[in-house]
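Two complexes come next, and they have one chain in common, subunit A, joined by subunit B in the first and subunit C in the second.
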Partner chain A sequence: MPVSQKKNINRAISGWLIMLPTLILFAFYVWEPLLKIIQMSLYNAQGFTLTEFVGLDNYKSLLANPDFTIAWKNTFMYTFWSLIIGFCVPILLALLITETPVFRSLTRVAVYFPNILPGLAVMLIWLFFFKPGNAGVLNNILATVGIKPLTWLSAKGWTIPLIVVTMTWRSAGSTALIYMAGISGINPEQVEAATIDGAGIIRRIFSVILPSLTGLVKVMLILQIISVFQILYEPLMMTNGGPNNASISIMMLVYNYAFLHFDFPKAAAVSVMICIVLSLFTALYFVVSGRRGKE
Partner chain B sequence: MKKLICLLLALTMVLGATTIVTAAEADEKIQLTLGNYPPDTDEAMIAAFDVYIENFSKKRPDVEVVPAHYFYALDTIVPMAEAGTLPVIIEPWYTEPQKLIEAGYVRSITELLKERGWDEMINPSIRDLLSKDGEIYGIPRDAYALGMHVNVDLFEQAGLVDENGVPMYPKTWDELVTVGTQIKDATGSAALCLLAQDNAGGWHWSNIAWGFGATLSVDNGDGTFTANLDSPEAIDAMEYIRDLKWEHDLLTADPLTENWGTGFTQVAVGNAAMYIGANDALNQTTVVNGLPLEDFALIPVPAGPGGQYSLNGGTVYMFAANATDEQVDAALDFMISMGRAPEVGAELIEGMGADAKSRMENGEPVVKRFPAWVGQAYSDAEAAIIAPFLNVDMALYQDYFDKVAEAGNLRLEEQGLTQEMYAELTKVMQEVLTNENADIPALMKTADTNYQKLLDDAGIGQ
Partner chain C sequence: MRKLLARLYGDKSVGSIRAYDAKSPLTQILSVFFVLICALIIVIVLLPVIWVVFAGFKDIRELNRSTSFFPASFDLSSYVKTWGQLHFTEHYINSFIVLIGGVFCAVIFNGLLAYALGILRPPGYKIVFGLVMWTMLIPPTTSVVAQYLNIRSVVETLAGLMNVKSQETLLAVAPLWFIMGANAFWLVLFKQFFEELPKDYIEAATLDGCSDLRVFTHIILPLSKPIMMVVAIFAATAAWSDFLLPHLLLNNSRWSTVMVRLFEFRSAMRVNDTDRLRAVVFSIIPPIIIFSLFQKQITSGIATGGIKG
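Then we have the complex of A and B:
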């Protein structure tokens, strides 16, 4: 065997050895549960113990669930509103902070602060704001300008957007930090050259900074879609999916099957469907970004 | 020297052997883990449990009682049951037994109950809750019948109390509008706290619907059920709550934010005069939320054009699937020490006394419990035992107890897929309470169709 080939084999072995712990962890914590869930979705079960192979019956009976269609629709609405309300906010925050010469560290900590609060605590705080009647913080503020109390989360059309606002408030800071890191990675000479050529702040942002962030923005977009698609505890805590299912999400359906009814096979079936949809999103992302790359 | 070493070794071996024997003896003791043991913060109840354990240990020295407070929760029961770490006795709430039985997380105790003759002494409504395919999986802790928790102070402010300070409460749902309007005008507080956040909304509403003559889930007698949510009576009951909200404005600010727990708070803090609540939750309004005992009353659920009914259910004890016969037997003996068993004897009387004393010291109303076990001897014993601890004016409770004692008043929850039915009804309530122009017959029709689909899918629809 030639020396170079031997070297390659040795390098491959050491490479696999380095990866081995990660592969084991992945296999144990990700792949095995994933396969188990697919298996469970095809069986009847008592608790977690599989009892009888039923093929696609669990999937069929999901269609009989009156909440199934609306939960999917709402989940897409959460994703839609999170892109409308929440996608640009972190970019704006990152731009504002990096372009502001004073109090930069303080502002950075301030925007990140909501992220260190426990999620449930944040929801409870917002519930105080959205409380109906005269007890709610927002209604009290409105009362000072003579506006009658509103029902906030109980107003059907507003429920999802308001929940998305609370999610954005909590998580925009951490996403902004990622964008800030991206901005700091832009070659300063490029920015300086643009400034010398007479580009103002707006021109710099649109002609230099944002184009340099395109790759990062695409990654964050797909991550946000995947993350919002799995929204659970915000509607669970704030509205319990109401009013009249206006805010029930597909993950709430999984929760309801698993923990309210202990029907784990059906919970697994919904999870598999979510997994397929998210895989499709990811594949779409790769196709689109691949095409763009070729262009 | 050698001899000394030998002697020391021999001594060590003897000591070791003794220790092993002692350990083995200890190991032979039956371990009884009490999930129903109170939390560290409940000192009065812990004192009562000390008495129970002391009495029990005298009778059953072969049992080691291990306090293992477990607050039943949906996110902990599954991993604990799957891992086999549930305490022997668990205390799930009333909606859970059938799910736990179905999942195999609790065990049948039929034979052990039959040996004691207790199977015939359980209040039949609760036995149904605890049974599947002829097997019984638990015993009752308490029974309850829905009534209304009342803030007497609000009635007083509206001039609605008699010369004895007893509230002149509404006897019918129509009267509730009149009385409620008086209270609202006089105090600005809501007449009624109606729940619409979760399934408890449908649960309470079903009691209202019965008053209007509705039967929501028709039992076909062959193990199948037919949805009946869109009957004219059910629609009338839904229209009634629509009127409470939009025509009379007698509900709290937003019923969609109200759940079982907030209802007690709204009554206790004076935001609502009345709330549908049961006799097993008197401590919620008084102790937990601080309404003074003299300002609290328990009244019957108002009657409607279709009659007057009180929803009857129970809270229960169940036993972990991996508990042995010996452990369950010990647990049943422990129930006697706690005064929660049907056998009237000295130990039961002492247990009941300790329980009543603990409730009195806790500042919660000590009134008779609703019979979870049938039998006059048991009821008489309880009445006699709690008499010295009575801490309330019974006039504030008497009508409730009289009404639920009337024949035909108590009614079990609707059968079929009860929680799923409540979920469908709650959705309709949410629409009706947020949309003044909601098309109630159409909504009830949709709920009926949805519920029927669920029954069909579960193989019990017809």
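Then we have the complex of A and C:
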């Protein structure tokens, strides 16, 4: 065997040996569990052990469960409201922080700040703000302007939008930073050329800055849908799915099946469905972001 | 007004407004408006956090009755009492044990794989990278059930072999360290950074007969301190804040972390509202310290990681 070929084989082996420990971790924590939930969803189980193969029975009985339909509907409502409330906020923040004459770095740091707070702590704080009756912080604030106390999260139509508001409060800042980086990547000459053509500052935003962000906006849109689709902690902590299942999400259904009823196959079946939907979104993400890379 | 604005916008070359716009009345009106909105945003962001710190000073009766934003007195002894009663020293230590191991694993394991994928590129590396990227967006929460079962079976087997009770040893905590080593987002951050390192250093070392692993520890890592810092900070905040898997693994054990306790407090009857609020304050202190120390690295890491990743 020629020396160079032997050397190549050695290099390949050492490369794979370096990858191996991390690949084992990925297999153990990410890939194998994904395969396992597919398998589990097709079986009956007694506690932790799988007993008999039942085919698609778990899926069938899920479809007959009214909670299942409600959870999907709610998950779409979360996504809908997060697009209404949460999607524009980071773009507006990024534009604002780019254009403000003072407080630029202070606001930048401030909007990012809630991101580093543990989600759990944030939800507990907001629970006190949304408390119904006179003890609630927001009701106190409303009282000073003479508005009667509201019931906030316990009012059926309000639960999902309010949860989305707290999510936006916590995470809008980090998305805004990404948009800001996008804005600062725009060639300044483009803006100046528009100025020479007589465009005012508003016109420049709409005809130069926003159009150059389109690719980024599409990517962030899909990423946001993906992340809202898995919403679990917020309803679990803030409302426990209530009032009367009004805020139960599809991931929360997984949690309830697995850790309240210990019905692992059903939990797995719901997870598989979520993974299928998320895989579709992921494929879309790669199409959009790949196209953006080529542009 | 015009001169002030022209000076404030002096060297601005991003976004829409430039120094030469300062003379237009629209810019003048808008800039005042922008400043007001910024101030409002800062208030909205900080108010809930300041409120919770102040509310922690109130006693339970004051919390339920008084509508004042400020507490009647700033007496730290109420915080000290809650800290002791809810055993926060213990939980802090546990949280730091989880955090330190997690940060170490996050840097070493993701770094190693990124080194192989970005620099060594052994045959087949593209398939590995494709697999990692594909699962990047499928969140571990969807497979948390299977993850939990996997961890449980390995931990119990090891505990059986070593003849110990898993809940009493670090075996219970170790899965939370190693899970930090399988994070596609941090992997991509490392990979991008490594790919931009000067190639000649690495080639020179390889020609000198350094093994690949030695090149990693002696050349790549020393050159990569900035990105190691970014990943370490992200891993530290993630390890501190995570609660679902820690709750499943550490609940009712001697290792329960700050977040595991906080999760239990949501429904625990014996914990009253003031204690709950103080526990929230304890849980946000370390992240706030980390943020104030490293705010530059954190915000720049988000911007670059988000754009390229």
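Keep in mind that, in the parts below, the second predicted complex is superposed on the first by the 248 of 295 C-alpha atoms of A that agree within 3 Å, B and C clash if a C-alpha of one lies under 4 Å from a C-alpha of the other, contacts with A are read in each partner's own complex, and residues count from 1 in each chain.
Please note the rule applied: a residue touches a chain if its C-beta (ideal position, glycine included) is under 8 Å from a C-beta of that chain, and two chains touch if they have at least 3 such contacts.
Note that the structure is predicted; figures quoted are calculated from it, not measured.
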item	value
Side-by-side fit of subunit B and subunit C on subunit A, or clash	clash
Greater residue coverage of subunit A in the superposed arrangement, subunit B or subunit C	C
Touched partner set for A:261, first subunit B, second subunit C, both or neither	first
First (subunit B), second (subunit C), both or neither touched by A:135	both
Touching partner for A:191 - first (subunit B), second (subunit C), both, neither	second
First (subunit B), second (subunit C), both or neither touched by A:74	neither
Touched partner set for A:19, first subunit B, second subunit C, both or neither	second
Which of subunit B and subunit C A:154 touches, first, second, both or neither	first
Contacts of A:48 with subunit B and subunit C, given as first, second, both or neither	both
Identified clashing stretch of subunit B versus subunit C [21-29, 75-83, 93-101 or 183-191]	75-83
Overlap of subunit C and subunit B interfaces on subunit A (superposed complexes)	48, 134-135, 258-259
Residues of subunit B that touch subunit A when the two form their complex	74-75, 78, 81-82, 99-100, 102-105, 196-198, 252-254, 256-257, 419, 424, 426-428, 430-431, 433-435, 446, 450, 453-454, 456-457
Subunit A-facing residues of subunit C, complex	5, 8-9, 13-18, 20-21, 24, 26-27, 30-31, 34-35, 37-39, 41-42, 44-46, 48-49, 51-52, 55, 63-64, 67, 109-110, 112-113, 115-117, 120-125, 128, 131-135, 137-147, 149-150, 152, 154, 178-179, 181-182, 211-213, 216, 237, 240-241, 243-244, 248, 259, 262-263, 266, 273, 276-277, 280, 283-284, 287-288, 290-291, 295, 298-299, 302-304, 306-307
Subunit B contact footprint on subunit A (complex, rising order)	46-49, 61, 64-66, 131-135, 149, 151, 153-156, 239-240, 242-245, 258-262
Subunit C-touching residues of subunit A, taken from the complex the two chains share	11-16, 18-19, 21-23, 25-26, 28-34, 36-37, 40, 48, 93, 95-103, 106-114, 116-122, 124-126, 128-129, 134-135, 137, 140, 143, 169, 173-175, 177-178, 180-186, 188, 191-192, 195, 200-202, 204-205, 208-209, 216, 223, 226-227, 230, 232-233, 237, 251, 254, 258-259, 264, 267-268, 271, 274-275, 278-279, 281-282, 285-286
